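The structure appears right after this line, and notes come after that.
In this document, chain identifiers A, B, C and D correspond to the written order of the chains, with residue numbering beginning at 1 in each.
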Amino acid sequence: MANEIQESIASRAAKELNGPCVVNLGIGIPTLVAKYIDDQQVYFHTENGLLGVTDVDEEHQDPNLVNAGKLPVGETLGASFFNSAESFGMIRGGHVDVAILGVLQMDQTGKIANWAVPGKNIMGVGGAMDLLVGAKKVIITTTHTAKDGSSKLLKECTFPITSTRIVDMIITELAVFEVKEKQLELVELMPGATLDEVREKTEAVFSVSLKQDHLEEGI
Amino acid sequence: MSKLLENGTAALKSVRTGDTIMVGGFGLIGAPLTLIDALTEKDVKDLTIISNNLGEKGKGLGILLGQKKIKKGIGSYFTSNRDVGDAYRRGEIKLELLPQGTLSESIRAGGAGIGGYYTKTGVGTELAKNKEEREINGELYIFEPAIRANVALIRAWKADTLGNLVYYKTARNFNPVMATAADVVIAEVDKIVEPGELSPEEIVTPHLFVDGILLATKILTNEGVVTHG
Amino acid sequence: MANEIQESIASRAAKELNGPCVVNLGIGIPTLVAKYIDDQQVYFHTENGLLGVTDVDEEHQDPNLVNAGKLPVGETLGASFFNSAESFGMIRGGHVDVAILGVLQMDQTGKIANWAVPGKNIMGVGGAMDLLVGAKKVIITTTHTAKDGSSKLLKECTFPITSTRIVDMIITELAVFEVKEKQLELVELMPGATLDEVREKTEAVFSVSLKQDHLEEGI
Amino acid sequence: MSKLLENGTAALKSVRTGDTIMVGGFGLIGAPLTLIDALTEKDVKDLTIISNNLGEKGKGLGILLGQKKIKKGIGSYFTSNRDVGDAYRRGEIKLELLPQGTLSESIRAGGAGIGGYYTKTGVGTELAKNKEEREINGELYIFEPAIRANVALIRAWKADTLGNLVYYKTARNFNPVMATAADVVIAEVDKIVEPGELSPEEIVTPHLFVDGILLATKILTNEGVVTHG
């Protein structure tokens, strides 16, 4: 069901995962990342209690084997099951190397908002806050703009933040940003994107430090 | 004195109006569907339900919600059932939202004689409003109190007749911690075996936590919830 | 190695255990209690991580299967192993019905001292404090007097207390006391003991409320 | 990148003078005797050792104590080794005594991102001196901070090559919690198997906690500690 934009973001994010590492994928675009991983030493953790998540074909689906998005998954050789308190102990305790998460908004210091919208009732938070405080590295995958065309990368979030923790990297269909000392740095343009387009669609202040091999196509 | 229970009615003997009840499961996965069904048939109300979700629309705890038997929900992700939001807007239900890690840790604390604890999760967010903040080794934490219940309704895979439990895949989730944190703990299971049939090394919930065991008759399948037996 | 006095105390304590119940036995006299139990529904818990402790004959001893006193034990059918944090979660969380413990001293309100001696370095506490705060019922088994002949049942403990928790029952070779509203009540004389002897060897104030069948032999 | 370690020297590569080291075991039962032996051969000192006991007289951590490599011991029952008291009286070692439940809970907290917690254990005793007291729901508790270490040396029964661990009987004790609470975690085991040979439901320590695996050569038997291999 995922569209081309989502797939391009997910496949770019996959390049950031080099095993051995333990990775937790959020709902949405992050979930797509798994299919771009060949590395046998990238181990997927899901907070509902499984280390060693893998794909499952329809015929082998088990109603009691799902990921945090309640989608059917499989288990790898060497997988293990544990309870919710143990699972979040792993997350908060710093035992998950990377969390890849979606956002509703993020600010120019690297704080994100991905759990609540003002004016609507706050009905769910799930594991988002735990992953943000606990994962060693947080990578955000998101479309650059909201459905109404407004930038998701803002000077300040208008939605409630998920954590005071600063994320490490943001990947959109237009660009890759790293967060350094609470400042966004554009390090890569996605195929077909231009710096002008990124500037136009980004409210947040960011610096530009394109890696060499992106300089020609980008500017 | 046997822990084996004949049916849902017997299993819920100790549930009273106004009780706080923990219900295992992550959505319908690992939820004690047979016991929830019995709860919908029992004449009680004003319940406080501690569960990650309040079921799905018209399923699991969602039925109990529709019956207006729930006074308050404590959980992490009510979004999975749109009816919860509607009931909340109509003022029919109170909600307490906790990060999922805080929910599970507070329940564990309640079961382990811990009065409360400090977590980093939620610091500086709306969910930390009015919560005590404390700096420990240069990092900010917030205080979270332990959670306990009168009754815990949980789902396991196999029980032996003593009450030892093992779980099945991701249907484990909140069940083992809830098994520790209520005055009365009732487990619904797929299979009941003799003591010694479960390996002492793989028992997840030792029998001292479990008060009653019921064979499940509502089973989650790929085709939805079906009734057996 | 246990002497007659210890055995008589242990066998009397065993009468207090009616299954189904979960019992934790301390080191010394309490450990002897197990052999006087026939009830299959009395389950023994040991804080180093086993529910379902039983005797083991010399031939089946396993160096990695011991009780909290590091003595070899066996496991019953339906036993389970768990880690130290889980084990003390059971204890503190109120999941152990009865703890039977020894004491160095106890006071007349029912507080005990069983872990440290003033003037000596405080070198060990083990699980004593956890058992006292967590067990639903605490039964003390102890010789009535210390080696120097002084009473162990004192007006006030001179040794550091183990907990502010009041114990429920005290069993010595001379008498059985219940603790009611922070007062000791003599409820039973042990075979051969007289009330005068108990009075003489007890510094603590206690009331007497002998059960009918002990009245003749006692007074 | 394999987690399999060739010998004790390789296993202790990251241990430095001044480090805090957790060591599993209840006395010698479940203690990583091979790794402790390697530690006695390594030129480090001023160690803080977190372990229920400091071994027995001249055995296990008792050897390390004799070498005066231990600056401080944090545990619950030093009485099991008379040498500890002697070293303490001579001012050679500092000691921090915690109730056994507090020791294990503080280590669990350290591994689970909990900053500290409130326990009933110890309230009103000498071990609560100078500890913060707090009333929660009408009961008194004391604050205990989480404990972490630079390195944890633990003992398990079987490991798979990924680092998943299962334990053996009461040799489990402190090992699974220590596995969660150190920057570097080294497990010594009796047997190393392939992924898939341990059941996903019975793995006690998932591999994300474990950095290195060593085959044990010092084994506790009914006749005492013997050396294999």
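Just so it is clear, contacts are C-beta pairs under 8 Å (C-beta built on N, C-alpha and C of every residue); 3 or more make two chains touch, one makes a residue touch a chain.
Note that this is a predicted model, so its numbers are computed, not measured.
Contact with chain A and chain C alike is made by B, D. Common neighbours of chain B and chain D, listed by label, are A, C. Across A-B and A-D, the chain pair carrying more C-beta contacts is A-B. Separating the centre of chain C from that of chain D, both taken as means of CA atoms, is a distance of 29 Å. The centroid of the Cα atoms in chain B and the matching centroid in chain C are 36 Å apart. Chain B has residues 105, 108, 112-114, 119-121, 167-169, 200-201 in contact with two or more other chains.
Under the contact definition stated at the top, the residues of chain C that touch 2 or more other chains are 75, 81-82, 85, 88-89, 91-92, 133-134. If each chain is drawn as a node and touching chains are joined, the picture fits none of the line, ring, star or complete shapes. Pairs of chains meeting the touch criterion are A-B, A-D, B-C, B-D, C-D.
Looking at the complex, you find that chain B touches chain D at residues 105, 109, 112-121, 134, 136-137, 139, 141, 145-146, 166-169, 199-202.
Residue ranges of chain D in contact with chain A, taken from their complex: 1, 108, 110-114, 160, 162, 164, 180-181, 194-196, 198, 200-201, 203, 206-209. Those residues of chain C lying in contact with chain D across their complex are 46-50, 61-66, 70, 75, 81-85, 87-89, 91-92, 116, 121-130, 133-134, 160-164.
Within the complex formed with chain D, the chain A residues making contact are 19-20, 22, 41, 43, 45, 51-52, 75-82, 88-96, 133-134. Within the complex formed with chain C, the chain D residues making contact are 26-27, 29-30, 52, 76-80, 84-85, 88-89, 95, 97-105, 107-108, 119-127, 140, 167-177, 204, 220-222.
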